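Here the chain labels run A, B, C and D in written order, and each chain numbers its own residues starting at 1.
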């Protein structure tokens, strides 16, 4: 049976990498359908590659494939991963009260444009339950208060630990603690409603209005311990003018928030996002 | 003779303003060719208006017109100004070594798309002299060092005081001192090569590269005592990716820097920019 | 009681219009909260104005207001209309199978960002019934075949005649006949999935792919007898590349289609769109 | 000595291509610094690759390199080319009276951002001579009239034949005849001042104004026998409104025309543009 896989590789740049890898693919009777690569400047000297290929899963089991590739990759000091199209990444969506990002994620997921599996919708508010229901998705209401934050995050962890490869914060208005981030240890994608690094923190549209900017933005990024400072995946902007008050900034911003987040989630699920330090390489 | 004028008004919002002003215009046999207005929220309660009109300068001298309007405006506590199309604003351009913004300003000025008069090109470097010469413009080379900054700004002031209504910093890489700003006391338009308030200060493209943004920006703003914090007139962005190193950010940024600055200068010369606190109202 | 109204005026340009109208507003103790105007070139000589104002509906009934304004407007040969914020425009949405535009309209309507009343969702396919149900909206399934087009349009007319001030074609894949257009006689807003006038007619994404464009577009316009040639209200574009096949153009296009249509419907409901020949004036 | 080269390949898709090519590169002690590839859908089955690599020109002469690669490429039915960074493409610029595109090309060329050699500026008008002079470029004035078109094109050919690898039409307002195109037989890049395929032919801004579009565009494309129908390299748009008359469309359009053309010329000179039928693959 033909199966499609994605191989992602990151390693120190060195002569012959592509030759070795593409020869390996060829020798496994696999067919490259898409290939992207990127080398940093010679000083950092890092090499990145993403290969999409079809292989015959009757001729090679996944175990075999991975064992074989390990033999090739180890001497080159590669970090690598093979993902199979049949095994979609699973993610839970965290949301508070604003549901536009959730709604757009659900739409594109339902239209099969997101190559991932939504396993739950979790909120500190009850508002989005109906939306989750309409898509036959599990909904968990985990209210939070100053005193219950620690406990809420434990419940959250127990809900997502087994069923998610990453999390999406679709306008989740709580800051996840360093403890939670360390415990969960997987990718978390957030949408920040400003053009980072402008307007870090709370109420970015109020900040934008106060500053009198002529463009507002939205930024999808990976969450790190530093609030709003993680690697940026995708950014968009929209024109505004003196006519816009805070409310109309909020209204106009929705459109770029949801679009930016959806693009980032699509890219992540297709393993098109790789990381170097605090930056991303996004293969279009 | 028909002459074209622009009337700009800013005053506390109050019933009947537009009726009074437009009746005044009508009674002076003037013809409104364009009118824009804007009211802030009721709390701030400020009213802004820009009127373009043709009047018969044989029937009304400018003095007469202004005296008449003063009678109308005083009871309404208006700040106002009448500009005549035949009397263009004069400006000097300050530049350092990067000449792309200067070149684009000169092009659009030469094509008569900027309704202002360039009276001098001034630089702390000699590089742009030839460009000024090609446009028959006075060029002044005012080198600067740590010890001569004060003296250089005095020379600068003496060069621009009599011959400029405003200044344009077209990638002038010196920070004007608060003393100079106070002394000059007129508008100064700067182009900052980032999407403010991101990357304030020196080397914004290095900062942008370090942060890994996916869009770079340019911001034209009025200079105030607070570095890079003055009222924003115009902003633009351009997409970038992991392929872009600092040099290619610099290269790609030129295009938006020059375009953003030219748009701001055009708007300023046409009296389409008004100010409220640290923000601008730009009538398109 | 304070009520908010919008006055739209179109008339031959002439001296004193603004003075007369604003004096009239002032004399009716009304307060202008927003005013936009536009004069064409002197040859066409048309004047357009949109005034938002608050008035005391206890002091002036709507009938009184309109009778008074008629007295002012008739000698100036004005076409004019007064709309009251409390009386929203009613519209029906026509859709076929693609539901992304419908979904986004419903979202923004539910968020009270569209100042109109959706009175029905009508489709030639049954697919969108559930979506209409979720918003407690009437759904009518009017299937169509070559032989039943005339009859279907009669049913359509009887469904919308009494309950709509305009129609929105949210990816309705049927061409309305000239007979229906004449019979209905009100505004109809369509979203065409290309950057008009490129790719008129069927399958614009296939046409775009065939031509190898580097940007795809969407256009919201009023429907006229000439297919895809009516006055354009709003247009947007999105970058594409050689990587995009027809399917990915379709996927990427959704985002701009829905956004462009929603913006046009919002503007229409706020009476910000006026028309001159085959063009629109859209007050932002 | 280390030399940088670009290898472009186009051939029927087949297993093992990348392995063979990258192994070949490795065996020649060359170092890949950038690699891009693209496969069309399986039906068309075309494979495209662009490799940037450094090699030791003392160990391998160019002749040797090309002879060796031919041995590899012939059995795979490749069309291929090796370009050396030290041997820049040469081009002549044709222009009429509007000089903004020429000016921007000269600026970016002078700033060494265009990896090509400008060998002449040729015009059917005398206006741009001074600009060419300022850059120490040969300028040829080839006036044209209905009766002299054939002769003018012969002169043109004799001027460019020996000294150009391609031509750039930087707002050259003459249509080159099929005879000239056939005779010249090399690439010609044109800037069309509309968002193709909208507004083909003469006076696109007049057409755009007449149609009432809300965005104007510019398109850089290769010239073919079909006017304005050649493969598109780059497109951009700019927002416009009802305030814009034809003159302001022309003014606003300049900015995107020049930027779009410069981007296309940069890409072409870096051998990042490949062609399939009437489309381009542009490696960013």
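FYI, a contact is a pair of C-beta atoms (placed from the backbone, for glycine too) under 8 Å apart; a residue touches a chain by one contact, two chains touch by 3 or more.
Keep in mind the model is a prediction, meaning the values are calculated, not measured.
Counting C-beta pairs in contact across A-B and across A-D gives the higher total for A-B. Centroid distances from subunit D, each centroid being the mean of CA atoms, peak for C.
Centroids of subunit A and subunit D (each the mean of its C-alpha atoms) stand 37 Å apart. Centroids of subunit A and subunit B (each the mean of its C-alpha atoms) stand 42 Å apart.
Annotation for subunit D: residues touching 2 or more other chains are 241, 243, 284.
Within the complex formed with subunit D, the residues of subunit B that make contact are 100, 103, 107, 111, 113, 134, 241, 243, 251, 255, 259, 284. Across the complex, subunit D meets subunit C through its residues 38, 41, 195-199, 211-215, 217, 231-237, 241-243, 245, 278-282, 284.
The part of subunit A that touches subunit D in the complex is made up of residues 15-16, 18-19, 22-23, 25-26, 29, 31-37, 39, 239, 284.
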